[in-house]
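Below are two complexes that have chain A in common, paired first with chain B and then with chain C.
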Partner chain A sequence: MALPKRIIKETERLLADPAPGISAIPHEDNLRYFDVIIEGPNQSPFEGGVFKLELFLPEDYPMAPPKVRFMTKIYHPNIDKLGRICLDILKDKWSPALQIRTVLLSIQALLSSPNPDDPLANDVAQHWKENENNAIQTAQEWTRKYATA
Partner chain B sequence: MNNNSTARKQDQDQEEPLYDPRGLQYVEPSQTSLQCSVCCEYFTEPVSAPCGHTFCLGCITQALEVSPGCPLCRTKINPNALYDVIALSRICDELMVYCPHKSLGCDHVCQRVQIGQHLKDDCIYIGTLCRVEECRKKLLKKDLSEHMESCPYKRVDCLMCNTKVQKSQLQEHHKTCPAESVTCPHCETTRTRLRHMEHIQECPKQIVPCTLSEFGCPWTGPRFDLTATHIPQCPYEAIRGFLEQNKQRVESLEQENKHLRTIFHDLRPQVQLLRDQIGSLSESIQLMTGPGSFGDSMHGFVDTNQYQYHSQQGAPSRAHGAILGYDSNGAENELHGLERSGSGLGTVGDTHELLISENERIRSEIETLTAGLASLELKQNMAIMTESMRMQEEVQSLRAVCHGLRMQMHYLLLERQNPHGPSPPTGGGGGGGVSNSGNNGPGIKTHGPGTSSGGRPLSTSGPPRPRFSDGLGRQDTKL
Partner chain C sequence: MSSGSLSDDDFAGSSDFDEEYDSDDGSDMEYEQAGDVGFSDMITEKQRKKAYEVDFSVMPLADILSAQSSASNHVAGILGVTLDQAATLLRAFKWNKERLVERYMDNPQEILDQAGVVLEEDVSPVVKRPKGFVCMICFDDSSSGPALALRCHHVFCQPCYEHYLTQKIVEEGESRKILCPESGCNVVVNEQTIKKAVPQAVLDKYRKLQDRAYVADLDILRWCPAPNCENAIECRLPYSSFTSIVPTVMCSCGYKFCFGCGLGDHQPAPCGLVKMWQKKCADDSETANWISAHTKECGKCQSTIEKNGGCNHMTCRKCKYEFCWVCMGPWSEHGTSWYNCNRFEESSSTDARDQQAKSRASLERYLHYYNRFANHEHSAKLDRDLYTKTEKKMEEMQRTSDLSWIEVQFLKKAVDVLTSCRMTLRWTYAFAFYLAKNNITELFEDNQRDLEVAVEALSELLEKPIEREKIAELRQQVLDKTVYVGSRREVVLEDTAKGLAEGRWEFFTEFAKV
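Our next item is the complex of A and B:
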């Protein structure tokens, strides 16, 4: 199966002109599989953290969304303890006009603005709603503990 | 006209996969405003949706199959509402592209719309096939003419016979070409090969064997010598009639032999079947006489014992007779049949022998079977003897027990008649007498304690038992 030209183009652009705070590097043996690193955005509980993710482009990409998962533990109402991400554009709101770059930017934005009303990790979301300051503190602790290089 | 159009169509069919329009390399690759947001390439067949967004026709069709919204603004799109954007299409067609065979060495650059033409007519780096049907070698167009010169499958004219021959086989052809002139190796005259084939049949100088060589005549010599000098002297010629007759007879015998062989092959499964039947029969005999169920009760045992004894005497001999009769009859029948069909033929001997040996084997098998049966009978008798001995002993012991019981009954009856006895059923107990409860307890377990508790005078069972039951009786009275 040949690699579609769009994937090659996207990869070239990701490597040549990476988005700030984001790096995505494809595996040598499987060019559909990327090692991603996202830096925790400023003024968020994840500031200073370096989060590892894996990204996989399925066979029917770009008609189907890429599969993305956090490898680093993170205390976030929309990310569960297995690293799965609750983000609409990764599911039903996917559009073939979106790209790896836009997906990763959206995930970075999700770190800046957690959405406890559409939770994936229920206990974290509950914590966030009941005592936001305390929850943010926990998130900062987790970031220090797990996400500092 | 019609032919022409179909030819062109075929041409297109061949050339169509020559390049992938989406795989083209553009001279100026990064004018993103002219690129489709789905495939990230310059538009091919651009179409616009009512929302104003433009995509390649292929891309948007594929995207709408997955989700009905515009990939850019999610407005619902009806696939029928898409319309061509002709100006954009022209602009994109005018973009300069490299020839897809740039890596092979073609440095042609032209507008995208012209690349098909270039590949079809001009590009010498395009893959093509050798035109010779048998060759069909894949090569670049630029190498074709060179290849055609040396293609081993190319047809060349044979200068002798004027037929077309593959170039690689020309050498070979010269060896068989009918127009080639050949010199007869015997008489050293020269003619064309076609004629030579006829000549060699009658060349007078060719060395030939005697016409009766098949019967053993060792003579060989030039053909002209054969009829002139050899035949009149040939010793085989004198008995020619006999030899030929003999030959015919051998042939007919061979045929008959073949026929018999097929008959034998047909008979073989039948023999196998018979053998199987004998096997199953002997098995059933073994089952019948084998050490089987001994009766549970005495009567049952005696009955079966008698039955088995009878059957043992009867069955083996009957079965044996049956087997022998059946087998020998069947086998002999077959043998007779064979003999009849093969009478006067020596070659039937081996089939005959085979059948006889088969018969012999079956007979010996039966013999071993009867020996086995005899030994089984012996074993069976021994088993019955020991079993009946044991049973006798058991009967004796039972008889003794019965006797004891009778005596006890006797005693009890006597006691009941006796007014002094410890008869009151509720009685807590006479010192020497035994209470009912005390009597019941051990009485259930065995006969022994019952008798002893009833009275010592009987004492058929051993001495420890009365002591035990006495103790129990005493305990009961204490309670």
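Our next item is the complex of A and C:
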């Protein structure tokens, strides 16, 4: 099936004018599948880390949200072991007027402000709530261990 | 709207086995018109409300529709908004008119924002594409072509709007609050816009979903769960009362169910008890199967151990506890006399056996009730099967003799009553499982036994071979027993319902509301 105009244009813009700290490059053989890299934001426990993600645009995109998943291990209360992300705009708050760029910016923002009250990884969230400093330390260690090239 | 409560002639009507046979409503009617003496006393009692009956009414789909529009009309009149806006506001307040009006009077703007309603004169959602327009969904930037916008002025092209709404309605089943496609915009897509944007089939689906949501949002309404039935039942009892009342209702389609939880009729057991029992059965059904006389529980970790050899020196696979199969005492205390266990009375093994006995006893107790519960369900099916066979035989008799069709109908009535009674009996066993034993429960058990005896007697009678010469005699016997069984069921239901209302029963556990 031919790629909708929307996806073509979005991709063009993503490549021509990438958001700072974010890159998204479509696979040559599947233009709905993107290799994504998000740099850990400054002043966050993920600073200095380079996180790989995969992003897939389903058949009914943009009516349905893109599917995004972390490939790099990350210690974060809203991201589980399988890299799945708990983010409202990827679920019930999705709007077809949102774009790949806005989704990736939201994920980057999620790295800056973890939300242990809406957890996906329960044990991590628990850790975060009980001893935030210690949890941040673990997140920094994981970043060093798994997210540095 | 037709009003009513359950009465005697209803109780034979339906059961959990409805799918398995075709009940022919016409036949019952004609049968009763035939004025059979056996049922006359039951029919005269019809007017008096029983302790186990609740008031309810059947609401056909048309009534549900008109209830919504009359509420919208009323609110539109009071607040000076359009019908469409009134409906959106009402949905946001789960159709609680009084609360909506009260809150609206306090702070109209806050309520409007919350509900996603923008007051503005009624303008068509179809708009011209503004200069420099780009549809943020498809990125189409052509300057002509249909486009739509709500009063928030977020414009999208018509095909995208249609696609978006169809996705929400058909794929996601949303109808209460479909928001403007713009990210973060809280304005609700009104019905006028939906009408303009989607094809008729999607609009129909949208309206159907709204009716579903209306019934779901109101505690006093519940859909009849029978397949293909479009009625709802209205019952004004508060949900909190369903710990002491079992609200069995019957739809005009003939299906009898519980208003509290939507399951098939489960009198006399209250909803919370039913839920607990079902959970227990689901958890224990496997357990019950694998525990047999050949297994024992480990004295330390309670996991089950199967003895498969002759040696009495057992080692728990899970916790490695070593013990003697005969006395259940620790093996270490056995010394070398293991082949001849002589430690039966030692305290450590008595303790172990006590614990063992306790968990066995509780399992046996459960199985006692469960087996009876399951048995009545199974028997009801057998009764049905038997009836199907008998019916064929009767039809043949009808063809080859002078028996009229009406004369052979007594068996159908009997089987209906029988099924209904078995369903009641079934739930009395779940009820009894949680009942603490005391003087009052003895009466309950007597009633339960009387019903059970009567049910089995009728069931047995139906198994008798049918002979042409004795058919009149059999008919009278069956009719008499049917009436008797029905009256025993009455007694059980009356007594349990009164006991619940009076708080007379003492249960082992607290069961929650629905």
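Everything that follows uses one rule, which is that the second predicted complex is superposed on the first by the 149 of 149 C-alpha atoms of A that agree within 3 Å, B and C clash if a C-alpha of one lies under 4 Å from a C-alpha of the other, contacts with A are read in each partner's own complex, and residues count from 1 in each chain.
Just so it is clear, contacts are C-beta pairs under 8 Å (C-beta built on N, C-alpha and C of every residue); 3 or more make two chains touch, one makes a residue touch a chain.
Just so we're clear, the structure is a prediction, and the values are computed from it rather than from any experiment.
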Query raised in the report: So, does A:A64 touch the first partner chain B, the second partner chain C, both, or neither?
Result: both
Requested in this report: Pick one for A:R6: touches chain B only (first), chain C only (second), both, or neither.
Outcome: both
Report task. Scan A:T102 for contacts with chain B and chain C and give back first, second, both or neither. Result -> second
Query raised in the report: On chain A, what residues does chain B touch that chain C touches as well?
Result: 4-6, 9-10, 62-64, 93, 95-98
Query raised in the report: For the complex, which residues does chain A have touching chain B?
Result: 4-6, 9-10, 62-64, 93-99
**Report entry** Contact set on chain A toward chain C in their complex
**Finding:** 4-6, 9-10, 60, 62-64, 89, 93, 95-98, 102
Query raised in the report: Taking the complex as given, what residues does chain C use to touch chain A?
Result: 136-140, 154, 156, 160, 163-164, 167, 171, 181-185
Query raised in the report: Given the complex with chain A, which residues does chain B contribute to the contact?
Result: 22-23, 37-41, 59, 62-63, 65-67, 69, 71-72, 74
